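Two complexes follow with subunit A in common, the first pairing it with subunit B and the second with subunit C.
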Partner chain A sequence: MNLLDFLPELLLLAGALLVFLLDVLGVKRLEVFGGIAAAVTALGELVVIGDLGYAPLHALSTIPASAIDQPLGPTLYAFTSLGLVFQAIFLLTAFLVALASLSRPSHEPGAAVFFGLLLLATLGMLLVAVASDLIFLLLAIEVTSLSTYLLVAYPRKEPRPVEAAMKFFIIGALSTALSFFGASLLFGAYGGTSFYALGAATGYVGYPYLATVGYALLIAGLGFKVTAVPFHAWAVDVYDGAPDDVSAFLAGGSKKMGVFAFFLVFLGPLLLAERMPSALPSGFGPSLQITLGVLAVLTMTVGNLLALRQKEMKRMLAYSSISQAGYMLIGVAVGTGPAIAGATFQVFAHLFMKTGAFLVVGAAASIGVGPLIDDWRGLGNRRPSLGVPFALMLLSLAGIPLTVGFVSKFVLFSAAVQAQGYFVWLAVAGLLNSALSVFYYARVLKVMFLEPSPASAGVGATGSGRFGGIGAGRAGAILLATVAIVALGIYPGPVISGIQLAATHFLQIGA
Partner chain B sequence: MSAFSPAGLLALSGGLLAIGLFGILTRRNFILLLISVEIAINAAVLNFVYFAAFSGSASALSGQAIAVVLIGLAATEVAVGLAIVLALNRLRGSINVAEANALKS
Partner chain C sequence: MTGLSFALDYAWLVPLSTLVAFVIVGLAGNRLKRLEWGGWVAVAGAFVAMVVGLLVAAAEMMGPGTYTDQSFTWLSVPGSPGTFPNGVNLVMGVLVDPLSALMLIVVTVVGFLVMLYSIGYMHHDRGLPRYYAELSLFLTAMNGLVLSDNLLEFFLFWELVGVCSYFLIGFYYEKPSAASAAKEAFLVTRVGDVLFLLGIFLYFATFATSGPGAGWAASGFKFANGTQPFLAGISGGNSTTLTIAGLLMLAGAAGKSAQFPLHVWLPDAMEGPTTVSALIHAATMVAAGVYLLAVTSIFLGFTATDQLAIVAIGGFTCFFAATMAVVNTDIKRVIAYSTISQLGYMVLAVGAGVTMVGMYHLFTHAFFKALLFLAAGSVIHAVGTQDLRKMGGLWKKLPITGLAFLFGALSLSGFPFTSGFLSKDDILGSVLAATSAHPLYWPFFLLALLTVFLTAYYIFRAFFLAFGGPAPRDPALPEAHEGPWVMRLPLIVLSALALGAGWLAFYPPFASLLAGGGVPPSFSATDLALSAVSFGLVLGGIGLAYALFGNGRMVEVPAGSAADRVRSVLLNRYYFKAGYDWIGLRAVYGFSRAADFVERYVIDGTIRGIERAFARGSDQLRKVQTGIVSDYAAYVIGGLVGFLLLLLVVAPWIVAHLGGS
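Right after this comes the complex of A and B.
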């Protein structure tokens, strides 16, 4: 084992420790902490892209190409190109959030806590992306969860964030207990916890029914993390009560971690069901796929229906985030190479759309726009620099052509159609849901561009200071997300083919 | 690989899990809720130790190691929970979960 293989993780750890150390030493400036966080996430991102084989950054890569996508063994961790793609997504989310948070008031209390925990939470996500052992995976998820509970509550003098943290913690603890109990049953059934032992049933002990219950508990435990219906109720309160930048991080990052955990945990048993039928009860593979498919359809439908009646912007975005998780679960349920690629691209697109949208909400709040959707009346005309990016993000979430959201849904749904059988119905459900979601996105667009500004608008401190009172960092992060949405919407080819290659490799190394 | 029946064990650990989950979902006092979390995680610890003792030698050690790690994890979880309780208590003077209702759908 070469320690340098974990260079991005080590960078994040060093950055987090440096932030906490500087805080203790009395450096109380947000710019310093934010600068460190943005720098280490950006550097980590470059290293990961280099590891993925992007030639200009090859000098930065630390993992030898021969160590990536190797056949699975009974190890704790393994580098896969799909995992590296997810690492790039996590680091980019953290970078955008750190960049945007640089614009917060310089002497804000708790700044060190925010940036330090942001880095630690990202560290946990990166470890999830290289896990090849169930316990390693669940512990890495815990690193992220424990950091994010506290991240939500970092403005600890305000009731709403602390209450959101409390709800987050209760549900998170429930999910942890269910996941580990499920893992213990799998350990009992297969005599090991590495995906190799689970997928190839190397140490097969017996009791296939233990495996069924174990996987069912893992669906529930990990379902909380991806906010799959019926395990979604916490997400809305948490995204609503958390500070805007933390909501951006949760929606863009920690949910995606759950999606990758679904890939790791559930694709193995599907292969196993074909290879070693005695290790699983008969009919296990199809029923697992049906369960995941039902979960996907429920998640997108319930998320969209509830989003329709929201009056507050953040709650609407939170429900839309739940429905997007449903689309991603289609990829897990179908489980073919193209479907995994589609779900991964959807995750990648969602990073720009949803993280960007929450960052715009934060920007709007900083210039005095209220939490209700009606408070956004006329904002598109009054402040096109916020209105146009937000409109593009919403159009992309709705899946309108020329945005990245259209491409990702197209790739994902066509993969489901290709897989044939009842998977076609998953694509149909996805399409119907996309049509349904247009209603509530269009309503926001109408409010922003077609309705007059409220009489009180422009009173307050709007529009003062550099970048219209938003701050350079936040403006930069929003611009970056907007450019990515349009650029990837028009020219997605190279990224898609890269992700498709990674997904193909992922299935080949699969247990 | 001895022939053992996990039924008794599963009744015990499943019962512990059920008690823990019931507590997490119904307790209004945050401290009791944390205790319920601890009980639920310990159900999994018990399973690991038991399965480790009865499966082959290769996995015996890993099962026991996982159990120790999980005990550490449960302590960390409670530490974070207590930090949130402290913040909540300073704000409201109460650690009753049901009284926290600033967020409404």
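Right after this comes the complex of A and C.
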């Protein structure tokens, strides 16, 4: 094992330790902690992009190309290009959040806790992306989970975040228990927990139904992470109660980790069902796909329905993010190369749209806009610098052409159509849900652009200080997300083909 | 090749420059200190577009037949066994070939002149930034359409020009008639658009998924650079699917180019500003339908059945619309009917297999028709009315406008040695030549020939009514005066083009553009006798118009001043119009009311019902979101049990009984 293979992870760890150390030493300036967090995530991002084979950054890459996408073995971790793509997504999310958080008040209490935990949570996510063993995966998820529970509660003096953190923790602990129980049943059935063992049934000892129960437990346990319905109920309270930047991180980052965990865990039995049908109950492969399809449809539909009548902006975004998780699960249920690529691209797109949207909400709050959607009346005309990016993010979430959200849905749904059979209905459900979602996104647009500002909007309406009182870091993060939404909407080609290649390799290494 | 060929690589600058103008005027137009400044930004954008457009066209002329395609893949679906064996690529690109170069000249030159003219004409209007922004967006979309290198991109811009047309017809949206005209135009062309889209689907389903054309979808539906029409080549030039798809293309073209029976929207579209009528509803957008037919015939291919249908629609429309122009008293509507009629000539030519002859007429028509509209606009600007019966005696007060209108009228009627004469006689000659192989074309040729007479009559009737006589018939009209230079200059330039643009066909490099489609216009083949006959018809038309309306006369039916026979013909025309109005009022309006009913109660009702159902569902679901952690834990456990049952019992049952996926 070459320790340098884990350079991004080590960078994050060092960054987190440095932040905590400086805090103990009495450096109480948010800019320092935020600067460290932004720097290590940015550097890590460059390293990962270099590892992915992007030539100009090749000098930074540490993992030899020969070590990526190797056939699966009974190991704890393995580097796959799809995993590296997810690492890039996680690091970019953390970077955007860190950048935006730099604009918070300089002497905010708990700043070190926030940035340190942000780095540790991201570290856990990076480890998820290289896992090749179920226990390793679950432990990596725990690293992130524990960090995020604390992250939600870091403004310790306020009751709402603390309450949210408690709910998050209790449901999270329950889910972890279910996941590990599922893992132990799988160990019982296959005599190992590496994905190699699960996919090839190397140590098969009988009891195929043991595996079925194990996978059902994992659906529930991991469903918590991706906010799949009905394991989603915590998400809204938590996204709503957490500080805005933490919500941005949760929606943009830790949910995506769950999607990748779904890829890792549920592609194995599909392979096994083809390779050695006797090691599973008969018809298990299609059954699992139907089950995951139901999970996807349930998630997108319930999420959209709940969002439909929401009056609070953050809760609306939280529900919309549940429905987006439903779209991503389509990729898991279909399980073909194009579908995995589509779901991955959807994850990538969601990073900009949803993380960006929560960052805008944070910016709006910082200039005195209230939590209700009605408080946003006339904001588009009053503050186009916030209104236009937010409008683009919502249009992208709704899947309107020339935004990245359209492209990602197009790629994902066309993959489901291509797979034919039941999967066509997943695409249909996705399309109907997209149509439904336009209702509530359009309502926000109408409120922002067509309705007059409330009389009380005088406070901070014109903004004071540089960047209209939003702060350079946050303005930069919002700008970055907006540019990405439009640029990838117009010219997504290279990114898509890169992801498609990664997805193809990902399927090959299990085979 | 010459030093100009580099311009071919910069064709994308044409739509881009007007797009920049659109963005500037659209975002900042209301903040400029003086609203006209937005207008000058738009003029500058259109000017850059014209310069680049002309350079591109010149480069294409210097390298005859060059096919320059720059494109990038927007979205791609990789091939896999199943529906799309070769995958699908959605491509955005810019294609310069003789056909698009020819169109580029028309759109950019007329676009710039109209934009300049607008500075003077729209001077008094409110909402100027909106006007210039929308007009710039229109030019972007129109140039994008002209330069499209594939069918889907073509359709995208086709829809965008439709939307711009809707906005601009409804520019005076406070006026109910303008708002409803905008809606009508949008809906009627929409009928064509839907059929056009169906045609694309049909091409896709038949030629793009399997068989020898399977690579077409993978290449992004590109307009192929070949020696024969791509799909006709695949299908051997004759297949039912190809015929139906061709008819659907024709339907799309009929909507955009206001051909029978989708012609109804164009006269009402005159509710928009006259500049909009000149640019969109005379020179460019309405020609897009003809352009679609031309593109289809050159790149994709029509069958013989399609061609007969196209000839029939074109020939009938050109006569049918002319009859309606004969009696109208609104100066803009007379010209609008004449536009429909002239578009009918072009459709006729494309149908008869002489595509480039039709394009040649499109080219000349754009200039003389824009001229007529701008001259009419100058008249309206001066006297404040569109009613021909109130005008009169404007020749002395508006000499430049009068002369411009005269030149436009001469060219429109096909008076010898004007542009219109060259292109129209070319159409008549080629269609006559085609009748020997296709006797079924005969009736439509005769209709087209007869239209020559009508055209000369109605346009000179309008001319004599507006400019003839000593003084306005309505004394209440304000004292007329010519507009500012920004209005006069486009009139002068367009006058020159209206008379002379057709002669460019004798300039070999330009002729190479027309030859690019494979069937060059053939002047030598023009039958002298035919020209003589058509000249006779022109003279007859002008003479009759003079007899009835010259020198300030105005023959009102049933006045007895003219010969009985002529009067009865006129009367018949009135019956025709009455019948047409009756159809419009009863059938179309009845249909609209039925549609309105369906829209209001059935569709709206359904949508409201669905909305309410979703809202209720949403409210019910929200009760689940209690905020109590133990409830949430119960959902997790309940979900676990549910999914376990699904995975263990339900899904295996589905797989066993209904088959796996």
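General observations
One rule holds for everything that comes next: the second predicted complex is superposed on the first by the 507 of 511 C-alpha atoms of A that agree within 3 Å, B and C clash if a C-alpha of one lies under 4 Å from a C-alpha of the other, contacts with A are read in each partner's own complex, and residues count from 1 in each chain.
To be clear about the criterion, a residue touches a chain if its C-beta (ideal position, glycine included) is under 8 Å from a C-beta of that chain, and two chains touch if they have at least 3 such contacts.
The shown structure was predicted, so the numbers you read here are calculated from the model rather than taken from an experiment.
Of the two partner chains, subunit B is the only one touched by A:Phe187; subunit C is not. Touch criterion not met for A:Gly370: it reaches neither subunit B nor subunit C. In the superposed model, A:Val236 lies in contact with both subunit B and subunit C. In the superposition on chain A, A:Gly498 makes contact with neither subunit B nor subunit C. Applying the stated contact rule after C-alpha superposition, one finds that A:Ala220 touches subunit C and leaves subunit B untouched.
Shared-chain residue A:Lys167: touches subunit B and subunit C both.
Once the two structures are overlaid, the count of subunit A residues touched is higher for C than for its counterpart among subunit B and subunit C.
Of the two partner chains, subunit B is the only one that A:Leu139 touches; subunit C does not reach it.
Legend: residue contacts after superposition of the two complexes on their common chain; A:Tyr149 is shown touching subunit B, with no touch to subunit C. In the superposed pair of complexes, A:Lys157 makes contact with subunit B only, with no contact to subunit C. Shared contact residues on subunit A (touching subunit B in one structure, subunit C in the other): 166-167, 170, 174, 178, 236-237. Note for the complex: subunit A touches subunit C at residues 166-167, 170-171, 174-175, 178, 209, 212-213, 215-217, 219-220, 223-224, 229-231, 233-234, 236-237, 281-291, 294-295, 302, 305-306, 308-309, 336, 338, 407, 410-411, 414-415, 417-423, 436, 439, 490-493, 496-497, 500. Only residues 1, 6, 13, 17, 20-21, 24-25, 30, 33, 37, 40-41, 43-45, 47-48, 50-52, 55-56, 58-59, 62-63, 66, 69-70, 73, 76-77, 80-81, 83-84, 87-88, 90-92, 97, 100-103, 105 of subunit B touch subunit A when the two sit together in their complex.
The touching residues of subunit A, when paired with subunit B in their complex, are 135, 139, 142, 146, 149-150, 153, 156-160, 162-167, 169-170, 173-174, 176-178, 180-181, 183-185, 187-188, 191-193, 203, 205, 207, 210, 236-237, 240-241, 315.
Touching subunit A in their complex are the following residues of subunit C: 72-78, 80, 82-84, 88, 611, 614-615, 617-619, 621-622, 624-625, 627, 629, 631-633, 635-636, 638-640, 642-644, 646-648, 651-652, 654-656, 660-661.
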